[in-house]
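Next come two complexes, and both contain chain A; in the first it sits with chain B, in the second with chain C.
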Partner chain A sequence: MNEGRFSPRFSFLVFLSLVSMTLLAACGDNTATTAITAAGSAATAGSAATTAAGSAATTAAAGSATTAAAAGNLSGEIKVGALVTLTGNNSPFGIAIKNGYDLAVSEINESKFLGGATIKLVALDDKGDKQEGISVMSKLLDQEKVVSVLGPTLSSTALAADPLAQKAGVPVLATSNTANGITQMGDFIFRNSLPEAGVIPGTIAAVKAKLNPKKAAIMFESTNEFTKSAADVFKAELEKNSIQITGTEAYSKGDADFRTQLNKLKAASPDILIVSGLIGEAVPIVQQAREVGFTQPIIGGNGFNTPTIYKDGKEAAEGIIVGSAWFLGSTNPKSQAFVAAFKKKFNTDPDQFAAQAYDGAYLMATAIKNAGAANSKAIRDALAQIKNYEGVLGTFSFDANRDPVHQPVTVIVKGGKFELFQ
Partner chain B sequence: MSTKAKIGRYVRYILYGILFISVGGYGIYFVQHPNINDLNRFLINAILGLSIFITLNTGLLSLANAGFMALGAYTSAILVAKMGLPLFLSLPLAMLLCGLLGLLIGLPVLRLTDVYLAISTLGFGEVVRVLIVTTPDLTGGATGANLSTGFPFEKMRQTETWMLVLFLLVLIYLFYWLDRSKTGRALRAIRQNSSAAANMGINVVYYRNLAFVMSAAIAGGAGVFYAHQVGSLENGDFRFSRAVDILSYGVLGGTTHWFGPILGAGLLTVLPIFLREVVGTSLDVIRNFAQLPLIINGVALLLVVIFLPGGLFAPSRFKRTPPAINEAELKDLEPPIVAVDSNPPPGESGEPPPLLELREVTQVFGGITAVDNISFKIPPGIICGLIGPNGSGKTTLINLITGIYRPVKGRIFLRGQDITGQKSYIIARMGIARTFQNIRLFNDMTVLENVIVGHHARIKTNLLTTWLRLPRERQEEQLARRQALSLLKRLGLLSFAYQPASKLSYGDQRRVEIARALALNPALLLLDEPAAGMNEVESALLAEFILALKRQGYTVLVIEHHIDLIMQVSNEIIVLNFGKKIAQDVPVGVQQNPQVVEAYFGQE
Partner chain C sequence: MVDASLLTNPVYFLQNLVDGLARGAVYAVFALGFTLIFGVLDIVNLAHAATYMWCAFAGWVVMAVLNMPLVVGLLAAMLFGGLIAVILEFIAFRPLRQEGAERLAPMISSIGVSIIMVSLAEAQFSSQTKKFPSEVLDPKPLYLGGTDGVRVSWAQLLIVVVSIVLMVALGYLIRRTRTGKAIRAVAYSQRAARLLGINVNRVVVVTFFIGGVLAGAAGILVGLLTNNINPNIGADIELRGLAVVILGGLGNIEGAVVGGLCLGLVETFSIAYFDRGSDYKDAIAFLILFLILLIRPNGLFGRQEANRA
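Coming up: the complex of A and B.
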């Protein structure tokens, strides 16, 4: 075995190369940081002066007559970055999202949406990891010098990486982040993905309008912050619509038998059952509810918003009502065109994430067009001005906090697929 | 050289090649496009690698590091972002908390070894995550620690490269000297054979806990830097895959030298970045093939586990040219032999008590009485043989005397002092040394180091003297070394001093094991079948060796099947059969005892 070992001299060389790398980097660190800080402070200092002028300009540019002229000033290749999760557990989301971006960008470039200019999408894999997210975000900012960024796929990555873009004054448009605190990170951070709290009011309003329930029962997973807070939003909305809550039952992730809770809730004979849970428990809950004789309509939270609910739930899933930012069968012509194009290009149906990504890329292109310049600050201001954009998600606007405003849809499972609830 | 070793050699060449290309290639790229985040990530991973190294080097397969990392990260995040403490204060506090918790968990959990330890420590990691989720007011719960839960990133993101470099350098300093100290030797001895280490007077439980606590504190420190690098935390950052990543730095890089895990962290961190940056931009295939780094890491890990069990960086601990031994300075350094005690304390009857006394000792294993009501006395200065058919309870008896088992009934006295049920390492320090039926030398050590392990309890240094480089440290170590050499000289083993213990012949290993036991300076030496597997010549040499021990004043209890040897060396012989003592007599008396003849020698 000893012959196989390297001499101490060799080991020392390896060590030396690592040390020298460390030292080099330590020197590089200061310059890099100062560069970002300088750029950041310049942007902030300039912002006060230019905001008024910028917003005036963009308001004017938003008018259809001047739009073409503004786009006409653009030329060459405009680099837009994207952080997508292509490896790891969450890669199915990231791949759908990247497909959405790719489809939109190729359409934008083919249709000369930006006049003489084209968008070059620099999509990097953040691996769903914060440290990797920070690294590739700074690569997009420092090396690729992108004018704006789409993504990242996960909220956790966004919370780690977006502050870099905020500091550098580069706008970020998230198309799948629904966690709290995303847009609070700063005035350069936008999103077009509705958090669950934004979907639920529409769902309850639709249910109230069509079914007019008087009493409701709630079942929720208490071991998950998202299902828990969604349950709270459901409660608030029920109260707002003066629907009486006859019972609330909690369960834990991984539970398999829900009959006790369901029987208890059934005893108060509510008109509807609301379930705020993840898909793993959603299917058995729905099946057992039907088993114990719950015939009333079931309203699901965001966890139910997947074909798995009717594929695995079979007959028990029939009649389940779910709120969603978007759905495949939407009659919106923009949405229908998107579905057809997506199917043609990727040979599969798009999901909600692809739809939001596709719309997000168009929103970014629209902002670039309205800004009339490949300038991050101008693009940010133009993004903030977007009102009543007609896209796949419907009529879309950003609110004052750069969060999305659009009408979510309410769907119902009928004949083994989602249909618009109307 | 076996085929496996040959393949291992090529695996090492290839992996070093890959490492060199990635580190070199990325280094060149880095100079042009510095991305400090990648470097910080490597440094944090290197610190995590050192945290797993200290447990692996002690033979503990712990997966708790991700949990301690989470604990350190969240503690510091809360201290800095919510309570306004500066980072440099939160670091020691978080490490201290992790260390304390490590002690609390280590005390029960470190009774387990191998896969059981791995599973229970993994459980700890999950418990930490559940704790984080269930305390949203403190940690931000499932939402995570970010600005929406009171952790603004301006306050969070404070990790600088120089801090990481400094922290790593301090750790390297500590590990460098630890490896050369009494503590480091004890940790290695425990890894190689924990029961032999205990019988050399090493408090195995203490050292396992020490290693676990150090590992916990270092992982906590890495967590602190992680928290302030990424600026926001979720419990998902510290799930099972993190624990596996940390483990693979050690397994891939090496578990016997502190540089190994740094190398492992380097390879596993830099390679994916290298592929992303240097190769990825020129080859679209690789860029699109996002799983490639994972596959390369997996294959590398597999190859290393199979062909390079010590890891990628496993330098030989043995010097090619051993230092010259100055025989003159070894004179007058022989440790005093306590066996020939001119003034033994008087016993109950006023007479000097026997060196060893067993009173009605009984041991039962699941209904089988292995040792049945045995009583005997051994006076100092004799060689006592212990014979009996296989399964008659001889080794069990030795295990009872050395504290491996606690007798269900009866008492054991050493020089009139009750040692029944004492821990092995205490009995060893009180003066009972042993060898094993199957040789249990520390194979990764030289003969000399093996013997120095026997000096463990007598070397009065500690971590403080080690790390502060106090003069005492050097003096004690040198004294131990000279005494060990002197012992080897006395036993005629001096020429082997700097040879790896595993490289010696079988007979020589037996003698070294005896030498190691003698380094404890024992009152009583227990030899468990020292001549097993020896031929006539070797066995005769051993008999001479044992007789020489007796002349030097040692008291010896020897189990042996070579009846000639027993008859030749023993002053007295005890015979066991089915756990019962059937005779205790001088050799001639035993030979003529009809019961013994029937049970052991066989009727003619």
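Coming up: the complex of A and C.
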């Protein structure tokens, strides 16, 4: 009865069915967890609302550079959607971003920034997943009927989900997307996060000026649009500065053992190591780089712009250099007021993503105010007009392509915090 | 295509050999539990990866939250894995077996359990990555032959040692003990075993326990190696574990060990010696698997008869 159960064909069949079952199981994970995490985020949103009361402090920081228009016409509750990554490896970004939105929205409502109207932020978890992003975006557009959307957290999600909003004529303001091709999706897509091409040239120039490296190695995640496009910008900038690239190695989302790639890169003895990755993998990469004996300076992409890098990376993170849109020690008074309010409300330091999110929510509120109506098209037009807005990021404008214009900085991890690299 | 200076560098070769063996040892331990349950019970337990993930968390709780030493963490994770697997047998597999369900039913049932387990872990631990404190295992590696020599981290050393101990222990248990004899009898034919007076249900529970212990060991070892524990770590190893089981021959214990080591080495060497190998490491590894199956359809150690475990 047992004879022949393991014929060649059977082995193949089992193998094929197992592979498909595993894929099926992987997809299933996402859907099955929706209920739990949705409930979870609703709970945190609730508690955020209750803690909001005490922090009406820095409302004066609001946008003043724009012509205060017919805000008096606004009334009731205006629904603004937000797509944030609250679960998964990249949740440190999404949590910081949601905190930034929450702080700004509570200030906006407390200070009657919109006159008689208030903003209701409908923040949903996209799990850092393209499919999930699409379904959550549809929910915001079709069920919640939001007038505009903030987010999503990751560029890859934005590239999948934003076309829905473009089609529906609902403006999207990305506060953390830095990949190429975001605003090219259409005239309703804006971002206040500097694209890689706006930050990396300054970073490489600063590194070249101070460290004068001759050879560089690059490690990047090949399964994400942002990390790929950042790696390309790094390559182009290295060539421009005549720094030789001795090796380029890729890894995939969720990988955990990077020793082999690092070992290979190390063999060519580069002067610097460039890592274009997201935070989930960035910490183990940095730690394993130190373990395999990489003592050279590490230059991180935008994914390194969070305190998680030095909180989790500890000694291994010391000396990491990152190009940033903003940094904690900024002397801009708006920024200092924001840092104080953020610390008071969330008991932790804000990072670049929280700062961009906070400014983004204010930009959106300013556009709603200037539009004078809870109308998506009018809000889009008002957003496009914003020039010289004084915010946490400094003096901010949108260019003709709805991309941000403001001055980036280069920071270095020293003694467990970001300092200006100078 | 391959960098010549790397090809002739013996330290680089040995380094990759060490890294590849450590990587492969984990695949082997994971695949052992998989293949044991398959070999004995003909059940594809797709909740094995979820068990593995939960055990990594169990070890993390014991070592990072309760600040217990490494040995306690290891044992706790393995014991926890055994318990989970036994619970799974009672709630997800035994009822189906008693109803005489379809051959595929237990597999579907295990997928369901797996999804529930991952969701519970996400709810319990959030999906943020957990890390071990550096007191658990010294993060500074050992060097063989000076600092320019071959680097071996303590985690890698631990993995190889624990893996060898577990493989030898499992081999001994299956071949030399009464329990092992009973397990082999049940693997051959549950009906015949029952006729000989073997308590089949008890043997099944023992088999699940052993499988769970192996999943637990793999979970905590990978957790230590990568220092990166989150609810989704099971998905990454699951497919590789299945590949290893099939590569080695379904239900074959030596096969799982050799298959695991092979996959670890192939992955490592394809990154190390192919230009852009890191882009294609999975493609290369699975292409090789496919070719081996074309030549040896029953896997490296596969036999036609069902005398497996």
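The rule is simple: the second predicted complex is superposed on the first by the 216 of 422 C-alpha atoms of A that agree within 3 Å, B and C clash if a C-alpha of one lies under 4 Å from a C-alpha of the other, contacts with A are read in each partner's own complex, and residues count from 1 in each chain.
To be clear about the criterion, a contact is a pair of C-beta atoms (placed from the backbone, for glycine too) under 8 Å apart; a residue touches a chain by one contact, two chains touch by 3 or more.
Everything numeric in this text was worked out from a predicted model, so none of it was measured.
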| item | value |
| --- | --- |
| Chain B versus chain C as contact partner of A:251, first or second or both or neither | second |
| Touched partner set for A:264, first chain B, second chain C, both or neither | second |
| Partner chain in contact with A:185 - chain B first, chain C second, else both or neither | first |
| A:293 touches, of chain B and chain C: first, second, both or neither? | second |
| Touching partner for A:87 - first (chain B), second (chain C), both, neither | both |
| Partner chain in contact with A:138 - chain B first, chain C second, else both or neither | first |
| Which of chain B and chain C A:284 touches, first, second, both or neither | second |
| Which superposed partner A:340 touches (first chain B, second chain C, both, neither) | neither |
| Set of chain A residues, in rising order, touched by both chain B and chain C | 1-6, 8, 11, 14-15, 18, 21-22, 24-26, 28-29, 32-33, 87, 91 |
| Residue numbers on chain B that touch chain A, as the complex places them | 1, 5-6, 8-9, 12, 16, 19-20, 23-24, 26-27, 30-31, 33-39, 41, 43-44, 133, 136, 141-144, 146-149, 153, 157, 160-162, 165, 226, 229-232, 234, 236-237, 259, 262-263, 266, 273, 276-277, 290-291, 294, 313-316 |
| Residues of chain A that touch chain B when the two form their complex | 1-6, 8, 10-11, 14-15, 17-18, 20-22, 24-26, 28-29, 31-33, 86-87, 91, 124-125, 127, 130-131, 134-136, 138-139, 142-143, 156, 159-160, 163, 179-181, 184-185, 223-226 |
| Partner chain A, residues of chain C touching it in the complex | 3, 5-6, 9, 12, 15-16, 19-20, 23, 44, 46, 107, 111, 114-116, 118-119, 122-123, 126-129, 131, 134, 139-141, 147, 151, 153, 188-189, 222, 225-228, 230, 232-233, 235-236, 238-239, 242-243, 246, 250, 267-268, 271-272, 276, 278-279, 282, 293, 297-299, 302-306 |
| Chain A to chain C touching residues, read off their complex | 1-9, 11-12, 14-15, 18-19, 21-22, 24-26, 28-29, 32-33, 36-37, 40, 87-89, 91-92, 222, 248-252, 254-257, 259-261, 263-264, 267-268, 280, 283-284, 287, 291-293, 312, 314 |
